[in-house]
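The structures considered in this document are given below.
One chain, chain A, appears in both complexes that follow, with chain B as partner in the first and chain C in the second.
Presenting the complex of A and B:
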């Protein structure tokens, strides 16, 4: 049996089992019969098995160079190294939809396994029906529109290989998978929300939904940082974020999921904000579908320029369906969702709502900016693009407000603020003032000084909360501070994890402000052994070399760099910026050589070289401070999220007995 | 609804409206061709625009020492001289399409960025170097 045949059959089988699962879930709901529910649950692993088999069949076809499969012929070459071959399934549309559907079925399977414990027999059929419905959509798109196993009548001897940009950095093996795990993961909270609206139980869904949202959010966050890293290390422009439509498509669901993660705590604790939670989670899932529509339909011009096709229309329809289901149900039950409780603005719940509204606003502003070119073109026919300055301009006030709330919110107690809180807020305000003042005194720009102040303000908030918690426990139980700290860290994972995430976000804010403000760029054509004095460095060009690799050729311009000032400490040594020539691409791709140091990054790009004699090369140097800290902040956020998700016996019991309104 | 809530909402909505629509108006980057520019010169003067067209044959001058790049962009009807500082990207060739982001400065267009698309669909190399040619070039450089 050929890989193509196996893949095609597996896809059909998974479509069949998805429809079966959907039908059984529907019957289980209609007749309130757990036997149908059991049948639906059994369909979930079968769908996963079918899609996993299809995915492996695609890998098999790639590894065995089976060019009778069109996808392999278009996106693979016998010269590809093994790791490139293994990541080729998500190098183009058909394969990435297959990966998407496979991960979706994995989530569905995990939910079906959890259905006994997490979901009661009333909600489980609806949650599973929603997930099977999404599954049917994705598998149908593959079977009927973008089949990865379409055959070629006359297979070529070799193919083009995947997009050179994807072969240039190993991060491409990681970033898309994380992104899909995040995007797809948001379907589970949506399914849970739909099920609780259908069966009209508005409280119990939030605990398990918070868990699933946190899982998806963690992957999404990691994916966004990984994408920034990839952009920085590969694209050669020295930046990590440009508010490109594709990047916006990933950040909009992130903001909405973040908003949900904040308001959901108020519902867990006080039973308020039910309607907000349903709305945020519906919007977050809809935003992932919208992002797919945006990037796959070609309606918006983007540097990423994915292949366009009829698939856009289908995704638009699916987006409308998601919104209609989510908000249709919400409007039906809205009369039962009235909040019975007062919210003070100077309380934890007030700060959480404020934060969620800021996140929602952020998502909305980025959505408007992304779609505005369509509005202008429809209205006046002019072709426009919205520049990155717009996004930065709106991000700064929103970012500052968020960082302010992020520090104050966790310090504020539930319901009402007391005296100790006022003292804490005073110390935090003092840190903010001192940090900003110190920044200005050092001659930093206002924005960077404010970012520094906000970072210290947030550190102060976390430090105060830690130290007071430790002191309280230490004195009441008469144990040492260290023991108190370890016990708190072990028993109150939720609080400590969120502190770690918040410190990561505050650090990211500082790193973004500094790296966006103080960036030096310089470009020069160097002759062999000519010395270039720039940014506290002495740069010398050594003879160019050619390197042969299986899938490409590379021109390397070795640079000998000596640091001549204290600021550039650690930047010395040799650099190998290169231009990679791929047979499938007319344009050589620059692979910059980056060296991170605690303060500055030194980023050398080979722009052009003497093709006749190799006597000169044009080199670009970009010096950006604190980018390393941005990656560290990403790691902190990921670790904090992981810590939040670790099973916690004490915390779980506490969550399970939280008051239900 | 209490008056103070209403007041708060009005303030927030107004601030948001200003932030979005004030910011959008100033930061719209128009995409135009040379002919469109000459239809309404005043409108595009000294604001960021994207100028698209073909690189006119024989007009490219590049000084690798000063990194000064000059060329003429044309849409077959009208032409505009462009100056830019930096290495031309590899896809930049005579008679090829190009999009330059920058500002008009009198008669001349000062480019800040030459835009090249990263495409997921690629064609077999046409005018570029074949691996054999490339190898030859490099071997001769040593």
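Presenting the complex of A and C:
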């Protein structure tokens, strides 16, 4: 049996079982019969098995160079190194939808295990029907439109291999998978929300989906940081974020999911805000579909090809379906969602709602900015661009407001802030003022000074909360401060983990402000052994070398660098920026050489070289401070999220067994 | 070098002459064709330039500051500072030349706007239809705040004298209480 046939049959089988699962879930809901539910639950692992088999079949076809499969013929070459071959399934459209569907079926399977237990028999049929429905959509798209196993009549002897940009760095193996895990994961809280609205039990789902939302959010966050680092390492422009439409498509669901993560706490604690939570999760899940539509349909890159590809139309239809289901149900039950309660501004819930307001606004601004060129063109025919300079400017006030709330929120108690928090807020305000003042006194820009102040303000908030917790515990239990700290961290994972995440975010804010403000970039054509004095460095070009590799050739421009100033200490040594030439691409790809440091990153790019005699090379140097801290903050956020996901101490165990089982 | 600039400006002029937006949806076709011709001419001349004329000029940090705010016309979402396409390289060269002639950043941007239109600017101008995009944060915040305020007012008015713990929440609390006692 050939890999192509196995893959095609597995896809059909998984489509069959998805439809079956959907049908049994529907029957279980219609006839209130758990035997149907049991049948639907059994379909879930079969769908996963079918898709996993299809995915492995694609890998097998790639590894065995089976060029009779069109996907392999188009995106693979016998010269590809093994790791490139293994990641080729998500290097193009058909394979990425297969990966998406496979991960979706994994989530569906995990959720189905909770059905009838943590997810009660009333809601389980609807939640499973939602997930099976999503599954049917993705598998149908593959079977009927973009089948990864389409055959070619006359197989070529060799193919072109994947897009060179995708084989230039090992992050290709990490970032897309994380992104899909994040996108797909948001379907689980969405399915729970749908089932809660259908069954009209509006409260339990927010407790039960906390785990799933955090998993999806953690993957999404990790994916965004990984993507930034990948772009920094590979693209040769020394930046990590450019607000281009594809990046915006990933950050919009992130903002909405973040808003949701914060507002569910208001519902968990006080039973308020139910309709908002339904809205936020519907929008967050819809935004993942919208992102796929935006990046896969060609709407944005080429304005005139609006929905010309078949994929664009079906994703647009699916997006509308998600919105109609989510908001249709919400409007049907809205009469029952009349919350009663008072929320004061200076309370925990007040800060959480303020945060949600800002996250929602952020998502709105990025959506409008991304789509505005289309609106303007439709309205007047004029072409305009809305790019990074716009987004960075509007992000500043929103970011500052968010960082202020992030520090104050956890310090404020629920319901009503008493006088006891005034002292804490005073010390935090003092840190903010001192940090900003110190920055200004040192001659830093206003924005960077404010970012420094806000970082210290947030550190002060966390430090005050810890020191008070430790002091109380230490005196009442008569234990040492260290022991009190460890006990606090172990018993209140939720609070401790979120503090770690918040410190990470504050650090990211500072790193972004500094690296965006104080980046310098210069370019010079150097002759052999000519000396370039720049940014406290003495750069000398050594003779160019040619390197042959299995899938590419490389020109390397070895640089000898000496540090001549105290500021550039540690930047000396040798650098090997290179240009990689892939057979499938006319233009070479630059691979920068970066020296990371806690202060400045030194980033050398080979731009051009003398193709006749190798007598000169054009070198670009980008010096950016504090970029390393951005990656450190990403690691902190990931670790904090991981800590939040650890099962809590006894007592909550009963509710938490299902997802972790 | 001269050769390249001539080709480049020829490309610009062709694009300019044939660009008549606002009349029909298909007006982009001649425009795109003209740009494509200009680009091909550029790439070709770029290749010639590399063979005969010599290395690219040195670029100061100011060049990149300006190039970052300009779109690379042939790329998918890259600025003229980032892209290594022939057009972007040429734009950086023109920026460096004009800086050397003593022009300001604003004048240099105007030079490109005159040739490509506002589309070349990554920061949309604060007038006409693109003024609205600058208002989007206020619009978004305003609308959301209004909806939130109305929600809070309604919730507060309902809460007066009401028992604001739902039966579902009570059940949950009771269930978790009894499960805790089972665990111990």
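Keep this in mind: the second predicted complex is superposed on the first by the 642 of 661 C-alpha atoms of A that agree within 3 Å, B and C clash if a C-alpha of one lies under 4 Å from a C-alpha of the other, contacts with A are read in each partner's own complex, and residues count from 1 in each chain.
Please note the rule applied: a residue touches a chain if its C-beta (ideal position, glycine included) is under 8 Å from a C-beta of that chain, and two chains touch if they have at least 3 such contacts.
Bear in mind that the values here come from a model prediction, so they are computed numbers and not experimental data.
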For this session: Assess the superposed three-chain arrangement around chain A: do chain B and chain C clash, or do they fit?
Result: clash
For this session: Figure out whether A:207 sits in contact with chain B (first) or chain C (second), or with both, or with neither.
Result: second
Exercise. Regarding the shared-chain residue A:421, is it in contact with chain B (first), chain C (second), both, or neither?
Worked result: neither
Problem set entry | Touched partner set for A:163, first chain B, second chain C, both or neither | first
Exercise. Looking at chain A, does chain C or chain B touch more of its residues?
Worked result: C
Problem set entry | Which of chain B and chain C A:434 touches, first, second, both or neither | neither
Exercise. So, A:463: does it touch chain B (first), chain C (second), both, or neither?
Worked result: neither
For this session: Give one of first, second, both or neither to describe whether A:389 is in contact with chain B, with chain C, with both, or with none.
Result: both
Problem set entry | Partner chain(s) touched by A:341 [first = chain B, second = chain C, both, neither] | second
Exercise. Where does A:92 make contact in the superposed view: on chain B (first), on chain C (second), on both, or on neither?
Worked result: first
Exercise. After superposition on the shared chain, which partner residues are touched by A:49: those of chain B (first), chain C (second), both, or neither?
Worked result: neither
Exercise. Taking the two structures together, which residues of chain A meet both chain B and chain C?
Worked result: 235, 304, 361, 365, 368-369, 372, 376, 382-387, 389-390, 393-394, 397, 523-525, 587, 607-608, 610-612, 616, 618, 620
For this session: Enumerate the contact residues on chain A facing chain C in the complex.
Result: 201-204, 207, 235-237, 239, 242, 244-246, 271-272, 275-276, 300-301, 304, 338-343, 353, 357-358, 360-361, 364-365, 368-369, 372, 375-376, 379-390, 393-394, 397-398, 520-525, 587, 590, 607-608, 610-612, 616, 618, 620, 650-655
Problem set entry | chain B - residues contacting chain A, complex | 16, 19-20, 23-24, 26-32, 48, 50, 64-65, 67, 86-91, 115-122, 124-131, 134-135, 137-142
Exercise. Which part of chain C faces chain A closely enough to touch in the complex?
Worked result: 21-23, 27-28, 50-51, 55-61, 63-64, 68-69, 71, 76-79, 81-82, 84-85, 92, 117-125, 129-130, 132-134, 136-137, 139-141, 144-145, 148, 151-152, 154-156, 158-159, 162, 164-166, 168-169, 172, 176, 179-180, 183
Problem set entry | In the complex with chain B, residue positions of chain A that touch it | 92-93, 160, 163-165, 235, 303-307, 361, 365, 368-369, 372, 376, 382-387, 389-390, 393-394, 397, 523-525, 543-544, 546, 553, 555, 581, 583-588, 607-608, 610-616, 618, 620
